[in-house]
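Submitted below is the structure of interest, expressed as structure tokens.
Labels run A, B, C and D following the written order; every chain starts at residue 1.
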Amino acid sequence: MPLVAGIDCGSGFTKALVAAQDSPGSELRIMGRGRARSGINVDQAASEALEQALAGTAKSDLNYIAATGFGRYNLSFRDIAITEITTAARGAYFLFPHPGAVLDIGSQTTRAIAVKENGRVNTFKSNDKCAAGSGMFIARAAKYLEVPLEQVGELSLHAAHSHPISSVCAVLAESEIINHVSSGVSVEDILRGIHDSLADRAGALLKRVGLNGELTFIGGVAHQQGMVRALKQRLNVKVNVAEDCEYVCALGAALLGLRRLASRN
Amino acid sequence: MRIAAGVDVGSTQTKAVLVGANGDGIQVLARSLIDTGANVRKAAEKAFDECCQAAVIAQADVGFVVGTGYGRYNISFGHTQMTEISCHARGAHFLCPGTRTVIDMGGQDAKAIAVGPSGEVLDFVMNDKCAAGTGRFLANAAEVMGLGLDDIGPLSLRATRPVKIATVCTVFVESDILSYLSQGKRPEDIMEGVHLAIAKRTMSLARRVNIEPLVTMTGGVARNVGMVRALETVLGQKIIVTPDAQFMGAVGAALFSLEKLGESFESSVWRDHAVSSGD
Amino acid sequence: MEQFERTFDSLYEGLQDLSFVGVRKWKEQHPGAKSVAFFPVYAPMELVHAAGMLPVLLSGAGDRLDIQHADSRFGSFICSIIKTTMEMAMTGHLEPFDGLLFSSICDSARNLCFVVKRNFPQMYVDFLHLPHSTSESSVDFLTEEYRRIITELERLGGSPIQPATLRQSIALYNIQRRLVRQLYELRAQSPHLLRAWESYVLIRSGNLMPVEEHIDILKQALERIPARPGKKRDAIRVVIEGSFCEQPPLELIRLLENAGCDIVEDDLTIAQRWFTEDVPLTGDPVRALAESYVHRSVYSSVRHDFFKPRWEGLAEKVRNTRAEAVIFLIAKFCEPAYFDFVLFKKKIDELGLPHLLLEFEEKLFTFDRLRTEVETFVESLVFD
Amino acid sequence: MAEKPASEYRGSIHQRQKDLMLDWYQRLDHSAETGDPPAVSMMISGNCVELLEGFGAIPLYPEVNALQLAIRHQSLEPILAAEEMGYAGDNCAYVKADIGCMLKGITPTGGRLPKPTLVLCNFVGCNTYVKWFEHVAVYTGAPLNVVDVPFLRSDQPSQADIDYVVRQLKEVVGQMEKLTGRKFDYDRFQQAVAYSSEVEDLWSQIKHLAKNSPSPFDAYFDAITLMGPLYVYRGKREGVEFFRAALNELQQKVRVGEGVYDHERFRVVVEGPPPYPYFRTFRDMFASWNAVAVASTYSTVGGLWEFGFRHDSKTPFESVAMHMLAQNVTNRNYLQRYDQIRRYVQEWKADGLIIHFVKSCRLFSAGQGDMRDYFTKQLGVPTLYIESDLEDPRYFAEAQTKNRIDAFFESLEHSKRTAEHAVRA
């Protein structure tokens, strides 16, 4: 049965997902997932991630490799390159098959994607003027507050109040955060403030592409419950999060890979 | 001997300086430097304390303390505050006599100050709303390249074909650098590219004030020889850097403190505002 | 054929040059003759041509000039072309020109006019008020306004402009506009024979050379292109809208085509296609020009006709070229384009056509983000 | 840090101004109810409110609504609503606030706003006006007319310019007669023009009172509160009465030597619109230095009268045209603005110039770096340049702005002291 790999060459991490499917429409079997720091050499990171995802199967058994993400063109052993927006929509729709919107908060960019039935991109919008409202925003704050990134989401859940961050610059926001700290605001409240202001920025993007139906939240930041809660509260929508939310683009790539493969033979 | 202090609470580092004045003039007695971290108030106290210890002087003997820097209002023991703009001008006027232009590059600010013959501020410009082209931009670039902040300067001096940096966003510069690295560009050429990008941006802003020699560079970034050279290239004239460049704001603040102690006509200069702003 | 491709390459080279070699050469060949440059969008080149001067249409400096002075005169949130034009002036690049004309397209460009006037007193700098209304009184006014400019040009050139000469100039520019229109028709019919970035080079280079030369080049092109090899490709037909003033980097236009778009219409360097018909050669030529501007102009975000909304103009474009999508290619901080986008989008949605909004700056030279967006857009249309 | 509270204007005119504006909103509400009086959307800059009097029509100024919202910290919601429609972050926030309100049915006072009988775009330099009113016409379905006022290319408008505007004004009259079914009342129009010239004379005298030290009012912050009546009531008896009262009150202050500050320390000229969302905070930053604005360009967007121009009831159409062409800051060219400011600095004896760049308004802001260059390098006038926005609260950085203002006055203080010392010695 056709065996394909979707490889998401992100700026921070490279994620690989291997899947198999007898025929279009029939059940998809996910064989494995793998993850590696992207670094400078895309091929190297991809091979590493793919190695894990193949879980013993030989790379030569793969019938098709679909690359997506920031470094998709630097992946030498790809069959096709697809943008992470297209694959995000496809992957998200596969996991939560309702038309609606997808929110992808990566380390540098935040993207809102309106998805049509069968997972096609309708419209999309991304913040690419500056890193305001990106995952980096949180990473830097966590670093400053000396909180491990994994705990950020949990902590902000325990906040009593929210202290919004007004600065649009991820770096200048730090001095605001410092001011909060030195005026005795609790770390929890600050983190919640950050999640809230990120949710507001994301909300603005989502409204521009049209937020009707459910919201599927993907990307590493989706692991942070605090962020999920902020989105639910600020936008009052149903928010779906897949437990392997950072593999959604890889999954979408694999799905489209299978389609191309099918259309070939 | 009259002893006064200046404390400069910057976004990244906090600096304290003690100056003393007696018959044979004014000299810097001691300086201290610590990371500001999350607790600004503590940082100020610690820096001041360390400074006094270094000079072996009891805090009680310090006649007056002026706070400056963005955290100046968090200094519990400060008698009054002044903006870092006034302080950098005053400090440069004292340490580099004849200074007519100050280019200050700190953690989050880049500013240019036109200085008058008596160390007064004639005119100034500052960066706005975004940390593009500041010390943080450099620190970030260095981090991505896996280099220490002190290595990037000397390294970039060896550049032969500097790359072109598109973004000025401190966060986005990462992907620029990564893609250059993956294209196999040499680290020195990339860093030089970063320095030139910042230099051009900074000078384009700085040209709003009259840039006249002597040009003195202050702030932490002044320690970066690569940045200084890039600025000199873009500016087309020599830039003076003293070992105390980083302490310039604190030195200026300390000098203002001293004026308040002394009998010079300026002793009352700042009182109105100090009172009126009720700190 | 090779010979034409060579001409083409040299035109491409010409666009990269900021020292205006062509203008300098022309002035050497015509001792004492003057050259007058226009800031986009529309410019009555005929007036300058009839004065025996070389009219040139500027289009910023792209990424070939680092901004080192202009930021000190124009603050944040001001578009690139304003800053690069100011930078060109402050670094002596505009030295070959004896005059610089601006018109009422937007507030930034207008203020730039007077800032330039203050900083370069030796230059003839003027502001042309093109009406924002199409009432009959607008024609009378614009006629008078053109006469005012003519008087200034006569003062600058030292000799009067004869109606007959002006009529000849108009006739020449009519030919140029006609040829350009033909080029666009050819491209819309067979985009595989003439790529958008190529026709863009052919047309934009005309902004920097005598109209007579440009006419020859266009004729040659129209003759050779149909004979070019090239096979139809699987691509979507798109209309580009919004780049009427600041021009997108050539690489960006290429990127759009490589991502799978056939650009069948656009409003790049729209000046050379400004009129829907020839300017009449009968009667008062000055009034003929004014009348054509008020009543026979193409629609544009910087010209307002409240009897024929611009979004209807866009709809027509889409219909005439059987376009499948519209890509709004808007220069960062270009307020006229941003405002029109909202009403254009409304119309495009009504027509049920997909659209994509891309923001660019002329000084852009890395395109990763833009490429991702264009490819996604194309993918969303081709993948079922 | 505990700020010294801003100087409150002590006197009656601010209250009277509030009442007048409230009355205006009530008449608009009535118009929304009954269609009477007919409302005409018009822009503040170089407005031709006198013309409306000829129809007993009432002006509807979207800018006034927008700024009212901003001062009440309510502008962000409508701005975001407009951005959801596709308006860009870089579009004028006045427009976004206005259109957002229209869609969400938000009004400054909670009362209703009428559908305009005519959307009359008095295009006086601001290209955004043309777009703005085109959009308003599309959303309201009301007819649009653009009075295309030639920009002032030289010191004085040409005869062709004047004829062009007069012709268009008469076209507007014709169109209004059709739309309202009312005959244009020429005498009433002429009377309005007469009232205007009276108001302008009083307003001009008020502006000149700021030459006194201490200045009896702040020609930026206080002048702005007087602008409402100036644009809504200029052609009316109420206007004349209001400004006569205002002049008397301020003259009285001058007589007893009462100023905005008991110890006026600095006199500045302000260029550019204020950051309405932080109006009070911004004023406090000046108040803590006892710094008073003695003149401002923003208070001349509707009309520039302190240098002598008056409407003339003998030639009403021509003088309205003249006002739109040459006697408001927005249709005058950039170098004329430099000169206006230069006169303020010299004749009103200012210590320095504050340039407030607002992101929304390129008419004001594009080129202010060059303006700064002219004043600091050519004239040696101490100049402070700060950036924020007039309507969008997201662009005001309080700490940075305060830092710059403090540094600016610290340096002025230094040179003042030096000078005073030199005198003493």
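Just so it is clear, contacts are C-beta pairs under 8 Å (C-beta built on N, C-alpha and C of every residue); 3 or more make two chains touch, one makes a residue touch a chain.
Not measured: the values here are computed from a predicted model.
The chains in contact with chain A as well as with chain D are B, C. For chain A, the chain with the farthest CA centroid is D.
Distance from the chain A centre to the chain C centre is 41 Å, each centre being the mean of its Cα atoms. If you average the Cα atoms of chain C and of chain D, the two centres end up 36 Å apart. Those residues of chain C in touch with two or more other chains are numbered 71-72, 76, 368. Contact of a single residue of chain A with at least two other chains is seen at positions 70, 167-168, 175. The residues of chain B that reach two or more other chains are 70, 128-129, 175, 208, listed in rising order. In terms of inter-chain touching, the protein chains here all touch one another pairwise.
Chain B contributes residues 70, 73, 82-83, 85-86, 116, 118, 120-126, 128-129, 208-210, 265-266, 269-270, 272-273, 276-279 to its touches with chain D in the complex.
Of all residues in chain D, those touching chain A in their complex are 80, 83-84, 86, 394, 397, 399. Listed in rising order, the residues of chain A touching chain D in the complex are 166-168, 175, 204, 207-208. Remark: chain C residues 368-369, 372-373, 375-377, 379-380, 383-384 touch chain A in the complex. Per the touch definition, chain A reaches chain B in the complex via residues 11, 38, 40-42, 70-71, 74, 108, 130-131, 134, 136, 144-146, 167-172, 174-175, 178-179, 181-182.
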